[in-house]
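Following this line, the structures themselves.
In the two complexes below, chain A is the common chain; its partner is chain B in one and chain C in the other.
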Partner chain A sequence: MLSIVHVSKLEKTFHVRRYHQGRWASLQNLVTRRSRLIRAVDGIDFTIEAGELVGYLGPNGAGKSTTIKMLTGLLVPSSGRLIVNGFVPWKDRRHYVARIGAVFGQRTTLWWDLPVIESFELHRHLYQIPTGRFKRNLAEFNDLLELAPFLDVPVRSLSLGQRMRADICAALLHDPELLFFDEPTIGLDVVAKERIRNFIRHINEERETTVLLTTHDIADVQRLCRRVMIIDRGKLIFDGELARLLERFGGHHRLIVDFAESYAEVAVIGAELLSYSDQRAIYRFDRRKITAPALIQAVSERYAIRDLSIEEPDIETTIRTIYEKRLL
Partner chain B sequence: MLKLYFEVAKRSFQRTLTYRAAAVAGLATNIFFGLLRVAILLALYGDRQVVEGYTVAGVITYTGLSQAVIAYLSLFGWYDFMYAVHRGDVAADLLKPMNLFSFWLAQDLGRAVASLLLRGVTFMLIYEIFFDLTYPTTIWAWLALATSLLLSWLVSFAWRFLVNTAAFWSPNARGFGRFAFLSVLFFSGFLMPLAFFPAWVQKLASFTPFPYLLNTVVEIYLGIVSGPALVEALLLQAAWALGLIVLVQAVLRFGLRRLVILGG
Partner chain C sequence: MRQAFDIYRRLLGVQIRSQLQYRVSFSFDLFSAILVTATEFAALALVFERFEQIGGWTLGEVAFLFGLLEISFGIMDMVFGGFDPQDFGASVRHGSFDQIMLRPAHLLTQVLGSQFALRRLGRIVFGAGVLLFAVTVTQLDWTLAKVLYLPLVVTGMVLFFGGLYIVGSTITFWTVESIEAINILTYGGSYLISYPMHIYQNWLRRIFTYLVPAIFLNYYPVLYFLDKPDPFGFPAFAPFLSPLVGVASFVAALAFWRFGVKHYQSTGS
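After this line comes the complex of A and B, so read on.
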């Protein structure tokens, strides 16, 4: 396989101005400048192979967007090495951006006051897309994203979901080899999110476009990404398969039991009793220490059971635990 | 390459046309203040027929012309690029495979042409109802005027963009902008024809790009400069435009290294 993204020891620091507070604050602010150095990205390393679809996660302010902005050539790194698709993004920005696509959920690249199609047509000129290719791509994306009803509507009149679909289409018209999505489903309803996920998967599978995706929506990750990277406070704290993340940090399954009778005490060895009331007990267990059948057998040997179910560890809880406890 | 400029300019032109109500309001304001300026200047003229090469009809035409190009040259200030940097919208521009300055230049061209038609030509037509205006008489004079107008827009845009690049160094560069744009009003001959000012002010102005932004256009329109002086005026305009563009590109290269796009 061929690596398309090389990142090593990448850093980005910002000076954030701090203002004085108190009675003489405005005077102090006038004559002195205090600033704090923020390490938004603090020495990260990773590579991405051509054709991969990678989820890039992390709490707010962890450095996700800053990384994406460096990868797309918008920001100049403070130090470290960054080579994408054979380019140093910020140095050779114009040639580099001609072959990538980027969607920032919070911003639009479309012309606000003009019909959507005008922005698309401008892209045809900007990226010198051959007319045939342009028409085929537009037809394909129209099928998948249902753009036709609002192609002639000014961007300012679009709903958020429509605008996002239009922005995604605009980012793809020139057949980029690499796609960056920064929170593409932010603020969208369930149906709109699902449509965009299907589209991203389609692009990755059918066109073999490499995709790097940041999101706060765990469903995005579950549906789309085999590999995830987690960044926190500027440092990459996990890089690997989603399944491995669950194994390592979400090792706890839950067994929910409804008893046929009332028991005063329902503890079993090998599982932790989380709650017990109204003849229902919830146990938490680690599958690496005790298997589900063994636990069920242990419970059923001692108590009469009416019903039971097992809950898989879910990724949302796992990631929340990682963010909260800073497990890694 | 020119095709791309045209396509960007075309969209910006369309965008400006969508704000028709704003254009009408601006036009009304321009006319009101035009009449006011005529009243003041005529009071100053008193019995005199010619002052520093400006006849009465000439000075009236001067007020019309300078009011008519307010929107075309964004004489009262322009902060669009500054806002784009502060709000981070410049990200969308940087994702386009086009030189950032050229992209904005092409956009401003579209805006300027639309403004020249909506606010400039319309203004002169309405002004013509109130006053006897003078016009260039030969095809060459019209050509020189057109060239001068185009160059004045280039000087104006390069200056405006240069002022806006202060956004890379300061989170609030509006104060600096106001000073920079007030200087334009003063030294470009917008408040008064530069010829009316004392020699030392004219001397001072001649070291700045501002006279080439408006005063030159006026003098060419009224035929105050002609022959070799006219060619020299056009060359100086072109030189300032070129010099400012080179400077802007250099400043931009440093500014982009400092760019910070916060949030989302």
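After this line comes the complex of A and C, so read on.
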């Protein structure tokens, strides 16, 4: 496989102006300039292979947007190496952006007062897309995203979900090799989210478009990404398969047991009893230490069981724990 | 280059169609644009009602200055509307400029194509009316050279004030606090040169001769059109500097713009 994104020792520092506080603050601010150095991205390395679909996660202010801005050529790195699709993004902006697509969930690239189809037509000219390819792509995306009902509606009159679908279509009409999605499902309802996820999966699988996705919606990650990268305080704190992340940090499964009789005490070795009341016990266990069958056997040997179920570790909780406790 | 022009033409088409969607609002805007310019001109005419002359110039002569400036500034405001520092600053803050950077077309083409306020036609048409009035009452002595030079003077002013817009917009990459300073130059300067420059104090006129050579944009060409003597004794080519001043300031503004974009890419505003 071919690496499409090479990032090594990438850094971005900003001077953030510090303002004086207190009585003479405005006067002091006028006369002096003090600034503080912020390391928004603090030496990160990664590569993305062609055809991958990678989730890029991190709490607000962790350096996600700054990374995406450098990858899309909007920002020049302070140091480090960055080669995407054979380009140094910021150096050759016009040629580089002609071959990538970028969707920022909070913004639109479409023309507000124009019917959707006319924005697409403008993109055809901006990206110099051959007419045949343009028509084929539009027909395909139209099928998948169901754009037809609002192709003639001005963008200003679209719902958020419709606008998002139109924006995604616009970003793909020129067959980009690489796609950046920044919060593509933000503010959408469940059905709309699902539709967009299916579409992203489709273009990744069928067209082999490489996708880098930043999101706060863990369901996006769960449904789409095998690989995740987590950035915090400018450093990449995890890069690997989602399953491995859960294994390492969300290792706790839960076993919920309804007993047939009342017992005074239901503790078992190998699992932690979280709660016990009304003949129902909830155990927490680490699958690396005890397997589910072994635990169930241990419980059933000692007590009469009426019903039981096992809960997978919750990825959202896991990632929140990583952010909050800074586990990595 | 051809592609850039094709894109520009299409983006303009979008702007014009968008504005014509709101016909009532458009007519109202057009009407108020005429009204504003008309009021300014009426105020000027009232002064002449009382004093008959300003610095030895008649109403018709001053109207020539006024009309020429209104036409030029109106065209500039229409063509360079995307670089209006106020609006451009907002587009940088709201991230629309990032969207422009993500498209594979020249930034200049796209910013110019992001705004084309047709309502400025009101100002342009009224300015043309004032100019026509001036030509009639001063009984201007037309020559072929004058006819050919007139559009060049307009171009000079369009480029000069367009350059100021670009400089003002570029400054918003650093700060939005300082654009008032450039606005004073743009709006104050255009107001200043719609009067005969010899009525001002020496220091003020020198600033607008040597520091900001705006005196050559409008005043000197009009001296030539009206066959008036030069009160300051500049060489005979002084009335023909207008296009040069315009092109030079525009080129300088573009250089500053490129520098500003580089800065923006290194700081993200």
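The criterion applied here is as follows: the second predicted complex is superposed on the first by the 328 of 328 C-alpha atoms of A that agree within 3 Å, B and C clash if a C-alpha of one lies under 4 Å from a C-alpha of the other, contacts with A are read in each partner's own complex, and residues count from 1 in each chain.
As a working rule, contacts are C-beta pairs under 8 Å (C-beta built on N, C-alpha and C of every residue); 3 or more make two chains touch, one makes a residue touch a chain.
Please read all numbers here as calculations on a predicted model, not as lab measurements.
J.: Kindly say whether there is room for both chain B and chain C on chain A in the superposition, answering fit or clash.
T.: Result for chain B and chain C: clash.
J.: Considering only touches as defined above, state whether A:Asp239 meets chain B (first), chain C (second), both or neither.
T.: Touch partners of A:Asp239: none, neither chain B nor chain C.
J.: Mind working out whether A:Asp113 is in touch with chain B, chain C, both or neither, as first, second, both or neither?
T.: A:Asp113 contacts both chain B and chain C.
J.: Per the contact definition in the header, classify A:Asp182: touching chain B only (first), chain C only (second), both, or neither.
T.: The answer is first: A:Asp182 touches chain B but not chain C.
J.: For A:Val76 in the superposed arrangement: first (chain B), second (chain C), both or neither?
T.: The answer is both, since A:Val76 touches chain B and chain C.
J.: When the two structures are overlaid on chain A, which partner does A:Glu52 contact: first (chain B), second (chain C), both, or neither?
T.: The answer is neither, since A:Glu52 touches no partner chain.
J.: Where does A:Arg17 make contact in the superposed view: on chain B (first), on chain C (second), on both, or on neither?
T.: Touch status of A:Arg17: first partner only.
J.: I'd like to check the shared interface: which positions of chain A are touched by both chain B and chain C across the two complexes?
T.: On chain A, the overlap between the chain B and chain C contacts is residues 14, 69, 72-76, 90, 93-95, 97-98, 102, 104, 106-109, 111, 113-114, 118, 122, 125-127, 154.
J.: Under the definition above, what is the set of chain A residues touching chain B in their complex?
T.: 14, 17, 65, 69, 72-76, 90, 93-95, 97-98, 102, 104-109, 111, 113-114, 118, 121-122, 125-127, 154, 182-183
J.: Can you name the residues of chain B that touch chain A in the complex?
T.: 3-4, 7-8, 11, 14-15, 18, 88-89, 91-92, 94-99, 171, 256-257, 259-261, 263-264
J.: Sort out for me which residues of chain A touch chain C in the complex.
T.: Interface residues on chain A, with respect to chain C: 14-15, 66, 69, 72-76, 90, 93-95, 97-98, 102, 104, 106-109, 111-114, 118, 122, 125-128, 154.
J.: For chain C, which residues are in contact with chain A within the complex?
T.: Within the complex, chain C touches chain A at residues 3, 6-7, 10-11, 14, 17-18, 21, 94-96, 98-99, 101-106, 265-268.
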